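There are two complexes below, and they share chain A, which is joined by chain B in the first and by chain C in the second.
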Partner chain A sequence: MPRLTFVSPDGNETTVEASTGDSVMQAALAGNVDGIVAECGGAMMCATCHVYVADDWAPKTGTPSDGERAMLDFAASEVKPTSRLSCQIAITDELDGLTVHLPDAQI
Partner chain B sequence: MTLQRVVIVGGGHGGFQMAASLRADGFAGEILLVSDEPGLPYQRPPLSKAFLKHGDAARLDLRPSKFFDDNTISLMPQTRVTGIDPDGKHITTGDGKTIGYDHLVLATGSRNARPPIANLDLRNVLSLRNLADASELRTRLSAARHVLVVGGGFIGMEFAAVAPGLGVNATVIEGAERLMSRAVSDTMSAHFLMSHQGWGTSVRLGQFVSELLDDGAGNVAGARLADGTDIAGDIVLIAAGVVPNSELAAEAGLAVSDGIDVDDLLCTSDPNISALGDCCNFPDPLSGRRVRLESVQAATDHARTISKRLTGKPVPYAAVPWFWSDQGDLKLQIAGLGAGADEHVAHKPEKGGLAVLSFSSGRLVSVETVDSASTHMTARKLLASGRIVSKPELAAVNYNLVDYARAV
Partner chain C sequence: MSFAPTDDTITIDQLTRDPYSVYRRLRAEAPVVRVKSIGRTLLTKAADTRAVKDNPALFSNNDPNTPMKRAFQAHTLMRKDGAEHMRERMAMMPTFSPVNLKTIWGPAYEKHAAAYLDRLPRNEVVELFSTLAGPLAARILAEILGIPDATDEEMQFWSQALIDGAGNFGYADEPFKRVDGCHDAMNAMVESRVPLLKAEPDQSALSVMINADDPIEFSQVLANLKIAIGGGINEPRDSLLTVLFGLLTNPDQLEEIKRSGNWSAAFEEGLRWVAPIQASSRCANEDTQIRGIDIAKGEIIMTAQASANHDEELFEDGDKFNALRPKTTHQSFGSGPHHCMGTHLARLTIGKIMLPMIFERFPDMQLVEPEKVVWWGFGFRGPLSLPVRLN
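Now for the complex of A and B:
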């Protein structure tokens, strides 16, 4: 099972085991990671599962779709080039070890 | 007065958010979350969409059990509340226990309406509300070929859109002259009608079902319409709207009309009892009209408002309503309430997208979009700002909201 690490704004790290096929958002909720709200459950309606993908992982997680980009524009925290909605990153074996950073706020 | 114990009745999105927000806002007392369903609180929107395909209930949990432990939220599943004593400040459960409260939150939701149709008790007449309903529907679909959907609202049309992928044909029978007539404009109804017909769904508008037909062995075999036409089907999905679960409140003497009446702080007529979500009606901050909404957004934003009040920072409810419905490859998004609108303008904001702007006395009140997330999010922001966005101003930018927002 791929392992994912979430880094909170204060530097705390939480590592969870994830199932391939799930999204990074689902893995965060299942792993009880604080800082992912996921209000709409992955319907791309809310921008409350915002993460910053660690620079070295960005090429592997791909780029946001137009719809995701539009939602990110309304995220509660600063949007950076590595910003993604974690519900839109599908977990593959290739993402084993992925690190994402959590923003200051989701709402 | 410090609250020692908050009891929440109902473990849906709103009930869960109530518990989570109280902890996030620093409430240190006891939190009891009472639900008549088994298991952990779960997401409902996927029940009419992705869940029917994957059938994996564990993926629906809003949070794992560890969350409830870590936040000392006492979950009481499979517990039905049978009465409220507002003077004694306690509730009674189905097994005869009484549970005291300092504050009670009613998050009892709604249940499916049973339309006046004969033979609703036949086998394979199903509805879609909770996980048990969705699991049963999913199981029965494996042996079915043709599903009749009674009601062309969100749930009925979301189901119709996934039906072909589940190996069944769907016929939708809707009493109104257009689809989703309670929620969207004529233009949007027409857009979805065309798409559904393209996906192979048969849609009968302006038709009422008078009775369901018996195959002779107690199974449903189809439906008879009011004009005498018979349509065959081996499953009938009743998706004809909901009724708010407000009986407990009414029996306790709380003010109830279309659901439980609450004020702009989501407080009922009893200062020790709040209500949220589908089961309550509240003053819409924009129009002042009393509304009752059936959406995840209303339930969770109501919960946040109540939590702020209970933790000593009361702020009147002011959230802009938003809704979504995924049907086939179309994503319908709605910001604001179009019910009081007297004028609608349709335009195409970007390639393939559609937006319908609705105005009340010349003021923008609601925006429906398909496949235009930027227009939707801009609408949410503009409506939340309190700014009066007028029709002439928007006409000057060809009704392109994104352009308008950029310029102001």
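Now for the complex of A and C:
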């Protein structure tokens, strides 16, 4: 099972085991990670599962679609080049060890 | 086998007048309970309401035994699941894109809000329900939907008729007759706009839906617009009135919000405190369990987000309005695939535009006899009036 690490703004790390095929958002909710709200449950409607992908992982998670990019404009925290909606990152075995940073706020 | 206990003491009248005291008791005593008067299994804990909505494969939106289809003269996307729901939802989605909110609807709302506030008289008692909150919600919605010629009065009348029809569980004649009349007027209004929007497309919902490369059936275009009319006026109206009531009855909080400028926090707290849409139903697709209690296939579950928003596990003194409370997540916009389409619009227009604007114009706004404000509603809830003195 791929393992994912979520780093909160104060530096606390939470590592969860994830199932391939799930989204990073789903893994966060299943692992009770604080800081992922995911109000819409993955419908790309809410921008409350915003994460910053760690720089060295960004090439593997890919780039946001146009729709995701537009929705990111509604994120509550600063949008950076590494910003993604975690519901749009599908977990693969390749992403084992993925680290994402959580923003200050989701709403 | 452990089926949900039945409560035959709770009345619809109780749930309409004071649902929160019923919910407080149920969260403690029977968080999964069959309520005889509403004929449904009621969920009152935040974890349960959320889990049901986030599992659309197990819990369908198609509650078959409601008057909604009759009232809307259509099977609407609200009661559909999966790809069928998504297709109809996405048809309207481009209208609500972040860029449209920023460049079209936000500026349009700001202009209308300023004009409606300009009309309000100073130094006398003004009823904000009927002079501001209702008409302004109607105005911006008419523009967004692409039927700007519909008057504020028409939009509000149609909206209430759709709500009353969809809530007409007793199948009385009058609400259906009233809403049938509204369908004639709404259909005529929409149809009159089609040639114009075909010739000159814009970003309104009607235009986006009819000019799409692979448009949805026109019957569903109409149904989508009516869902937006039925659901797009009372929520912004009631949430604005609720947050104003909360701030005006807690002057210390109001002062702090004025200082910090964090009007969005006040808006979210208003939504949490009294959810404009209090409860939503789902239908179990399979035999399952919630909190160890058996739920049979076909059972209708009522998820009370109003109660979830007061859940003691998440909120301290949840029955009190506190715009300064630590950040918490409410469920007033729902969750899952049916998450409210107007979420961003509401956060922008009310949280970021209206609240700072109204308190800048009327810094000493006073509520008149707040103890006389009546709160009303089980499915939808808000104050029935908000009399203020502006200066």
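Quick note on the criterion: the second predicted complex is superposed on the first by the 107 of 107 C-alpha atoms of A that agree within 3 Å, B and C clash if a C-alpha of one lies under 4 Å from a C-alpha of the other, contacts with A are read in each partner's own complex, and residues count from 1 in each chain.
Keep in mind that, in the parts below, a residue touches a chain if its C-beta (ideal position, glycine included) is under 8 Å from a C-beta of that chain, and two chains touch if they have at least 3 such contacts.
Not measured: the values here are computed from a predicted model.
Engineer: Give one of first, second, both or neither to describe whether A:Met1 is in contact with chain B, with chain C, with both, or with none.
Structural biologist: It touches nothing on chain B or chain C.
Engineer: Who touches more of chain A, chain B or chain C?
Structural biologist: Of chain B and chain C, the partner in contact with more residues of chain A is B.
Engineer: Thinking of the overlay built on chain A, is A:Asp73 touched by chain B (first), by chain C (second), by both, or by neither?
Structural biologist: both
Engineer: Tell me the contact category for A:Asp22 with respect to chain B and chain C: first, second, both or neither.
Structural biologist: In the superposed model, A:Asp22 contacts chain B only, not chain C.
Engineer: Would you please give the residues of chain A that touch chain B in one complex and also touch chain C in the other complex?
Structural biologist: Comparing the two interfaces on chain A, one with chain B and one with chain C, the shared residues are 39-41, 43, 45, 70-71, 73-74.
Engineer: Going by the contact rule set out above, which residues of chain A touch chain B in the complex?
Structural biologist: 22, 26, 29-32, 39-41, 43-45, 47, 66-68, 70-71, 73-74
Engineer: Spell out the part of chain A that touches chain C in their complex, as residue ranges.
Structural biologist: 37-41, 43, 45-46, 70-71, 73-74, 105, 107
Engineer: Can you list the residues on chain C that touch chain A in the complex?
Structural biologist: Within the complex, chain C contacts chain A at residues 53-54, 97-99, 102, 264, 268, 327, 329, 333, 335-337, 339, 341, 343-344.
Engineer: Give every residue of chain B touching chain A within the complex, in rising order.
Structural biologist: For chain B paired with chain A, touching residues are 43, 45-46, 59, 61-64, 66-67, 70, 296-297, 300, 322, 324, 326, 331, 333, 371, 373-374, 376-377, 380-381.
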